[in-house]
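Labels for the chains are A, B, C and D, by order of writing; each one numbers its residues from 1.
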Amino acid sequence: MSITYLEAIRAAQARALAEDPRVFIYGQDVGAFGGAFKATKGLAQEFPGRVVDAPISEDAMAGLAIGAALDGLRPILEMQFADFSTLAFNQIVNQAATLFWRTNVPCPLTLRLPCGGTAGSGPFHSQMLETIYAHYPGLVVLTPATVEDAYSMLLEAVAIDDPVIFCEHKFLYYHLKAEALPTEALPANEARIARTGRDLTIVTYSAMVHEALAAAEELRGEGWEVEVVDLRSVKPLDTDTVMASVARTGRLLCVGEAFPWGGVTAEVVARVVSEGFDLLDAPPMRLNAKDTPVPYHPNLWSAHRPTARTVAMAARKVLHS
Amino acid sequence: MSITYLEAIRAAQARALAEDPRVFIYGQDVGAFGGAFKATKGLAQEFPGRVVDAPISEDAMAGLAIGAALDGLRPILEMQFADFSTLAFNQIVNQAATLFWRTNVPCPLTLRLPCGGTAGSGPFHSQMLETIYAHYPGLVVLTPATVEDAYSMLLEAVAIDDPVIFCEHKFLYYHLKAEALPTEALPANEARIARTGRDLTIVTYSAMVHEALAAAEELRGEGWEVEVVDLRSVKPLDTDTVMASVARTGRLLCVGEAFPWGGVTAEVVARVVSEGFDLLDAPPMRLNAKDTPVPYHPNLWSAHRPTARTVAMAARKVLHS
Amino acid sequence: MLLARLFDEKFASLYRAGKIMGGVFLGRGQEALSVSIGVHLRTGDVFAPLIRDLAGRLAFHEPVLDAARTYLGSVQGPMRGRDGNVHRGRPKSGQLAMISHLGAMISVVNGILFARRMRGVDGTVGVASYGEGATSTGSFHEALNQAAVEQLPLVVVVANNQFAYSTPTVRQFACDSLLARATGYGVAGAAVDGTDLGACLQVVGRAIAQARAGRGPQLVVASLLRLCGHGEHDDAQYISPALKASPAGRDCVKVAEQYVLQQEWAGADTIAHWRAEAAQTIEAAVVTAQRESAPDPFAPHYWSALASQHRWERREEGS
Amino acid sequence: MLLARLFDEKFASLYRAGKIMGGVFLGRGQEALSVSIGVHLRTGDVFAPLIRDLAGRLAFHEPVLDAARTYLGSVQGPMRGRDGNVHRGRPKSGQLAMISHLGAMISVVNGILFARRMRGVDGTVGVASYGEGATSTGSFHEALNQAAVEQLPLVVVVANNQFAYSTPTVRQFACDSLLARATGYGVAGAAVDGTDLGACLQVVGRAIAQARAGRGPQLVVASLLRLCGHGEHDDAQYISPALKASPAGRDCVKVAEQYVLQQEWAGADTIAHWRAEAAQTIEAAVVTAQRESAPDPFAPHYWSALASQHRWERREEGS
């Protein structure tokens, strides 16, 4: 048996629905159709009345999920593409995120955001949204990079008493496969050493973990041992694991697929240098997507985001400085 | 004569309307009423038909401004509070910001956002929004800290061929006064040394410039000479001026009023350490608002944001490390 | 509604005296409509009030102290100093704590009603109250349409007080009556004179009963005038004397008193007694709230926004 | 519309052959409505097309090469490889380049019309085309209301093809007809059978003429069916055979051909000739586009998003 990242997401939802009567799924075309990416395939049939098609009303979709969470349910809200969550932005950052702090009533909702680029998807079906959500107090932002994490972290997202922004990466949907679903897992807020090494720490998350691993493999051929830290959760951010790795390697490269201003790479670098300045033997470096919208043409798209090749180039720079 | 920050904003708009027939103002209550803060007071009477009341439709307000800009006008769009721009978020980051890059047609609009906290304003009338806008390619984000900059940078914003997010700080509206309007000004994208010093660089922007200056004054009593850099524009970000200052002082504290995750302070620290690691004699430090919504009660509010006192405390830490 | 009117007056005078944290927004002129919501709601129902809904809040059993404590900054208020004035609420009692963004509460009410249905709880009604200005928001539209699609027991009460802050309706919408929107959503609609307590009780009561009976969403549009500024900082010069003198400008409290007298439900002395009682209640609440302490910024619970903070505690979050 | 139909078919077959960058979205079944927009627009007008508006685009003088170049990734397309397929446009020619977020283009059209009025330019009409699913968006609502308040010469054409992706109208709205919304906004409304070219030409033509004459915004609601999937990746199994067999499921191209023959505007041979001509035009465009080069990622102009880049160049931007 082999299971994809996308199938893991479907399986996690099936299990959540089966185990917890408070769980339901709401989103455009998630019902009989099974969702634009088929992440809810068959679930409406298996769990009648609990997988509900929404009108094209992202603001009201989020509002409904918030109300239901407030009343004790555990909604999973699917955005058809992460990019459309900008229309629910206000409900998410101002209503969901502030609710517990303001009223002491938790708002346990999971917002599934199909994120990230694939060739030919263009500016409005490729965006990474973790930066803008992580900026707001009251949200948990998860960015699974593996099939196992897609599964276990989605289950944990549903269990968490806060609004969780679950950033699933579309590039991994079909490509990424595992032998089986995991039976145990790290807590969602702990980073993971995806590959050990002693010369350089690459901190990254989501699809970029695989580019970093490929770069590390390439650099191994050149005699370098590169450690790769998969953040898993970008908020909260597991600074401890990152610092421990940097303490071992003395060098830091931070890689993200988001736009370059602000975001995870800036936050990680800023934390490491303020809390672990003396651990560094060389200037830390960041590698992000370019500061333009995500291009549609595959030629441009693959130059816009970091890839194994550009990660390796950046890593060499840090290694040689 | 003495002129406030708010009056400077009004004066800049009056001048823009007078000098450029392409300029108009659109926003809720901006017409006969003169705006919730009176930033457009008298302008509807002075420029008939060019200061137009909008319905409570932030998405459509932004859309209309974008269309008008596309057609060659120079709209100034006022949000009643910055916090409500979350409802125009999609139009701003996906329509306005991508338009030039996608189509080669510029979108010269100015979005005035009354930002930042004042005592008793609470979670939805106090937010800093520069982080989320600066993250997106295609936007210019300005954060004037002085009466002179409020005036000259707003005029420059109207002249710029891109969508400009003009973050004006409500705390400065009435408090801050200058003798006269400036006759010349730095380009909007250049940071300014607000106070010179040799022991520490505090990089900040908007209302926090004044907290930093007060802290610097306090620290002078303790024998420290603190340099304060007012970024003025957070995107583009004038890294050169920051680096030159850090090169002189060897120490960096970065202060912002926004939520702590990501944002200007992370971006500045990350840039300085990647490009100027060796300039630093001590770990850089950040001071942000707390990671909760902005509290309503004045007691809590003044503990949520950095103040001269907490800036001085943080500065002492950096100075002694 | 008398209590609400007097309470509002008290807040206005405290505001002028500089005793209030933040702004004050009054319901003056809108109490008849507002109270009609509150009296028809039952325990278990849900109410998302407007900034002018003190009357409806009190009628739906908001503790008198809640408003006093919130306006005066007592840590014992329902928002514990975190949020203020009109944003107060007790979600667990069905009194939602609104966010400022107009229109945003309707879909939240939908969600609660949806949850009740999913959990098999019957007979809940949800009311969301907004001004006519809020009808221009995308949130309002999406939520009303959503409720119609789901056939939820939602009642949306629109207080058309002719202005959104300073903006007259002619700059807000172009239809003859907002009631026409009901047809567009496929929901029931009813208009009412918002200055007439009897009419409000009847029309709002009927809408709530219809929703409770499973007849789907209801839109009530009331016409009236706010007899005050947008907030207490606003002198509302933009409201013309002619409009104030028009039927929409009648003072609903006076009209109601008249009506009570006419119907001989109570005499002038009884009303005077009510008034005195209300004044006493208010005075007591204000005195209590003023004696209570302010929030302590050193209490660590203020500075964590997550309900699941304990989950993350193993690893410290950096700044 | 024949050209559009055949062009769409060509794209579908190129898609199946893996020759297309990204997705392909067809207008099959909606050409009569779409072309009716294009033919009534004049130079200087503004059109924000829907993803299914190839027919209308071509009729409004979109160069045939634009579509071919965009789908096939030629750098010479109007979007220069930056954006794709249905998002293409030439704003300077009034062909707006849509963003994906449904409903978002209407207020942009409003802005252009508003600008024209402010600049004293007369007689411009703006058309925005959307599916019935887009009527549920807040953007749609805000923009139509805004146009009504401003009395702009806006025509919104809604193609009610019974589904939004897989979602049937019963999960999208609860009103009997979307036309009822027109009254709610205070704008003129008209319904039309979207499978009937003659009717579409007349109704859309009238709406555009009314807007041009200064009678304010117009809402046209057409009923029809898309005779294809949402995109070419979708087999549209959710559309029932009964619906396909209903009047809404008629193929507007066949209906139009029938009509042309009946009216004796042309004979079968002429139609066959048109068809052949169209096929040739398409073939030529595709061949040209396929020969052209792809965008070069090393060209620096791709990597700056600001029109005013020169302003900032004195100081280099980091990372």
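As a working rule, contacts are C-beta pairs under 8 Å (C-beta built on N, C-alpha and C of every residue); 3 or more make two chains touch, one makes a residue touch a chain.
Computed from a predicted structure; not experimentally measured.
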| item | value |
| --- | --- |
| Set of chains adjacent to chain A and to chain C | B, D |
| Chains touching both chain B and chain D, listed by label | A, C |
| Centroid-based (C-alpha) most distant chain relative to chain B | D |
| Whole-Å gap separating chain B and chain C, where each centre is the average of the chain's CA atoms | 34 |
| Centre distance in Å when chain C and chain D are each reduced to the mean of their C-alpha atoms | 43 |
| Distance between chain centroids, defined by C-alpha means - chain A, chain B (Å) | 30 |
| Multi-partner residues of chain D (at least 2 other chains) | 79, 82-83, 87, 99, 101, 136-139, 142, 145-146, 149, 171-173, 304-305, 317, 319 |
| Where chain A touches two or more other chains, by residue | 54-55, 57-60, 83, 86-87, 90, 94, 97-98, 101-102, 123-124, 137-138, 237, 274-275, 286, 290-293 |
| Graph class of chain-chain contacts, one of line, ring, star, complete, other | complete |
| Interfacial residue positions of chain C with respect to chain A in the complex | 78-80, 82-83, 87, 89-92, 97, 99, 101, 104-116, 118-119, 138-139, 142-143, 145-146, 149, 304-308, 311-312, 314-319 |
| Residues on chain A engaged by chain C in the complex (per definition of touch) | 24, 49-50, 54-55, 57-73, 75, 90-91, 94-95, 97-108, 137-138, 140, 160-162, 187, 189-190, 236-241, 271, 274-275 |
| Residue numbers on chain A that touch chain D, as the complex places them | 28-29, 32-33, 36, 53-60, 81, 83-84, 86-87, 119-125, 260, 286, 288, 290-293, 295-300, 302-303 |
| In the complex with chain A, residue positions of chain D that touch it | 20-23, 73, 79, 81-85, 87, 99-103, 133-134, 136-139, 164-167, 171-173, 238, 294-298, 302-305, 317, 319 |
| Touch list for chain A against partner chain B, complex | 83, 86-87, 89-90, 93-94, 97-98, 101-102, 123-124, 131-132, 134-138, 235, 237, 258-259, 261-267, 269-270, 273-275, 277-278, 280, 282-286, 290-293 |
